[in-house]
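First chain A sits with chain B, and in the next complex the same chain sits with chain C.
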Partner chain A sequence: MRKVAISSYATTEFLKNSNSSIFELACKPCIDILKNSKLPKKQLDAVLFSTCSEEQYSASILCELLGIKPKISHRIDNLCNSGSNAVVSAFSYISSGLCDYALVVGAEKATSPGNKLVWDITRGIFTLPVYWAAIFAKAHMRKYGTTEEQMGMVSVRNHMNARKNPTALFKEVITLRDVMQSRKIVDPIKLLDCSCSCDGSSAVLLVSEDKAKELTDNPVWIKGIGQQTTSASFSKMTYDLTTIGTAQVAARDAFNMSKINPRKIDVAELHDAFTILEILAYEDLYFVEKGQGGKFVNQHEIAINPRGGILGCGHPVGTTGVAQIAEVTAQLSENAGRRQVKGCKTGLTHNLAAAGTSATVIILGV
Partner chain B sequence: MRKVAISSYATTEFLKNSNSSIFELACKPCIDILKNSKLPKKQLDAVLFSTCSEEQYSASILCELLGIKPKISHRIDNLCNSGSNAVVSAFSYISSGLCDYALVVGAEKATSPGNKLVWDITRGIFTLPVYWAAIFAKAHMRKYGTTEEQMGMVSVRNHMNARKNPTALFKEVITLRDVMQSRKIVDPIKLLDCSCSCDGSSAVLLVSEDKAKELTDNPVWIKGIGQQTTSASFSKMTYDLTTIGTAQVAARDAFNMSKINPRKIDVAELHDAFTILEILAYEDLYFVEKGQGGKFVNQHEIAINPRGGILGCGHPVGTTGVAQIAEVTAQLSENAGRRQVKGCKTGLTHNLAAAGTSATVIILGV
Partner chain C sequence: MRKGEFRISICKACDQKIWPPSENCPICFSETILKKNHKAGKLIEFTRSYMKHSEGVFGIVDICGIRVVGSIAGDPLWHGMKVKMTKCGINTNGSVFYEFQPVYDNKKSADI
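Here is the complex of A and B:
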């Protein structure tokens, strides 16, 4: 298996309404990468476009707008983990030897049709994601004594981190009191336990080992990959409402592939679309024993969601997985500015879709 | 690079209106493959769904309906060559070592939004594909003396071949006179020079070298891959209206990778969405000298479009690339029934999108 590195990355500012088209959004981080990287456009082998937007042939349109003529270009969609699916696909193109340079682009509008899984009629009228988040939260509270305050602290910390991230949607400090007093959406989930759809885009450039050395002195390597899909419907995804089984399998496979122990992770971008999901992630990723997630919120061993996570940055669905990889790459290459985590060598991204019916875990290292 | 084989395939009957949903269509060939293959469902690593249909999260929905829980599942779209993009992606997952078994599924309804590239405003009011086909045809006629009769013979032969294919949309014999007297759409393209959107689905199972031996005694190997995208707009795709430049590059790369000479191809599925495209393909794939395509129509060295091509089978856009691979696999494994080409060892698929602004060429062999 050929080694694959990430040599460049860029993320736009996430906004409630950017007044930009999906293609304007998608072009921005690519232009940054092409400007800042030593890579001539004509060497790009692949452009993979991650979006839930319905435009047809959108990867080729993006190529035309950017003046890129790659071998491979297509769109990839899988709701909220479209982005990490696209990163893994680019990894395999390079690792197999078919490509040397692959640009992965995520872009989404707040109005994306990917925000609602209309197919999942097993939920009856409870179509919004907040309903299943509430079920997970209630189950975890009942079984393990997790508290609303612990969940609230996830939101407080991720909003705090977002203040140091110039591309994040939210810039305000929020307190635990703010979270607890925010409007209750579905018991026990309150407004500030929830992430928010928005406009935003991000891109990362993946390169083969040989070429990485030409482009950067500090390549960040993709060391482990795990993915799992069980279903599309919430009702079929789990036998245990306190665990995201897909994430457990994905984490196990990613740690096995990388030969890295969960305790060696320095920095992690976790899929905190709702606060409870971050607490479940601590357990599913083997950071703590099952049931101890609530108490892990205030630990200082692993830097969690330094960009602000989905809660602080906003959630442009097709973009999120790419933006997570961009952030961990920034951290590991010590280019994260005011939010730099000191001395981090190993990072992880955790990206879910549709109530955790599919999950991707990617481990990166220097 | 690990070798990758195709061990199973299935194609549904293509129909003008099947009364089936996109998911019913997509499931059918998968059920056939799962029934006829020795592969237990739980070993499937990847399900890649090729379609231009707008349903979100459709690959995971398909997995749930089939009771498959793969590592990787997502949708891939790139208009008319979505299917071969998905096959190449599956190849890279296996070749890289991330997967051993990948199911590629193409499905489309005749009403697919992929039938019209609304983005390409450079064509003004001439949005339908037949306009660019007419330009290619006129240019080739003017420069090389290609005739309407030569184009017509492409349609006659492919409709003739389709009669032996139980899954083809068209079952009628047509004569050159029928083509020449059919309604003129855009000079010189007549109705019977054009393919037809329809409902249809196809699936192929790709496997790693080790696993291929467990599943089949006669694996068909993917030996060469070439892909190229230049743009999304007709007006930016070519400097020469008598050549599909993307297909030339894709063919060159596929022949180089496979170390197979164009003259060694025994059977080819060519992208005959319009008759002129098949004539251009002969030249772009180096079967004949530039300009000689018109005269190549009646040759007998290479079996062209034995399933009936797109003209005879119909064109469910996201399905076509998969169905081409299924046909060449059937031929090379000597399972093509009444339409079996005798003694064929090496085959090729040629799949275009959007006026040839992107192209994929795949070479298969036993």
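Here is the complex of A and C:
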């Protein structure tokens, strides 16, 4: 299996309404990459488009707009972890030898149908993600004593990080008091415990190991991948509502593949669509023992969500996984500017879909 | 469901209970039939919604291995208590709904 690196990346500014079409959004980071890359466009042999939009044949349309004629082009739609799935697909194409260069782009509008899984009738009228997030939070609070304040601090920290990210949707600092006094949505989840859908796009260029040095002096390598799907319906995702079982399995496989210990992760982008999900992630990713996630919020061993996470950046559904990879790549190649985590060598992305019924964990390193 | 009946798919070959309903069993791929399911269950977790059109308490209920999310009307409520489905159906907007109320008796909650 060939090694695969990420040689370049780009992320657009996330906005509540960009007034751009899905294709205009998708083109922006691709043009940024292609203009600044040493790669001649005609050598690009795969284009994968991560989106939950309703446009048919969207990868091929994107290729036409970019003037690319790749061997491989298709779309990936897996709700909130479409982006990381697209990166894994690109990795697979390159490592197997089917192509050398794969452009992965995520783009989404705030009004995307990917914000809700209509099929899942086990949720009854409680269709929106906030309902299952509240159930997870209640279960964790009841079993382990996790507090609303601990969840609130996740939002405070991620919003603070987002201030240093020019592409983030939110640029304001919030306090714990702001979170605790924000409007109640579904107990214990308040408005500032929730992320917000938005328009946004991000792209990364993956390259095979023998071509990587032609494009960059600082390749960032994909060292480990783990994925797991349990179901589509929330009611079947796990019988333990304090654990996202798919994330545990995905993390275990990624750590095994990379031969990297969880304690050696320097920087991580976690799926904080709701504050409780970040707390569960600390445990599911083996950063901390089961039940201790609430106390781990104030740790300083691992830089968590330096871009601001989903809470700070916003959640353009098909884009998020790609933007996470772009951020960790920026960090590991020491190009993260004001939000640079000093001395980081290994990074991780954690990307969930549909109440954690599927998860993808990717480990990167230099 | 439109008639307010909670029927689930049961595999003709292996008796597996399936929800959401499916023509084929996910375990052995045999055909399934729809059968009325009993309505007693166990309240796994619950909380309160402040969202418009879903105000009130709701939770996950386990009905003999089938789990659904429905409204819970009653007080007091506690984790693991017995509840009973009082209503189910399909709203005019196409969304499925389930409604439960507590069962207060001296018997132990059913172990699932």
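Keep in mind that, in the parts below, the second predicted complex is superposed on the first by the 366 of 366 C-alpha atoms of A that agree within 3 Å, B and C clash if a C-alpha of one lies under 4 Å from a C-alpha of the other, contacts with A are read in each partner's own complex, and residues count from 1 in each chain.
As a working rule, contacts are C-beta pairs under 8 Å (C-beta built on N, C-alpha and C of every residue); 3 or more make two chains touch, one makes a residue touch a chain.
This one's a predicted model, so the numbers in the text were calculated from it and none came from an experiment.
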| item | value |
| --- | --- |
| Partner chain in contact with A:D253 - chain B first, chain C second, else both or neither | first |
| Chain B or chain C, by number of chain A residues touched | B |
| Chain B versus chain C as contact partner of A:I76, first or second or both or neither | first |
| Touched partner set for A:E172, first chain B, second chain C, both or neither | neither |
| Touched partner set for A:Y93, first chain B, second chain C, both or neither | first |
| Which superposed partner A:S235 touches (first chain B, second chain C, both, neither) | second |
| Which superposed partner A:E55 touches (first chain B, second chain C, both, neither) | first |
| Contacts of A:E289 with chain B and chain C, given as first, second, both or neither | neither |
| Partner chain in contact with A:A353 - chain B first, chain C second, else both or neither | first |
| Footprint overlap on chain A, where chain B in one structure and chain C in the other make contact | 119, 233, 236 |
| Of chain A, residues touching chain C in the complex | 119-128, 130-132, 134-135, 137-139, 142, 183-188, 233-236, 241 |
| Interface residues, chain C side, partner chain A - complex | 19-20, 44-51, 53-54, 58-60, 66-71, 79, 91, 95-98 |
| Of all residues in chain B, those that touch chain A in their complex | 1-2, 47, 52, 54-61, 63-64, 69-79, 82, 85, 88-89, 91-93, 95-98, 113-114, 117-119, 225-233, 236, 250, 253, 353-354, 357-358 |
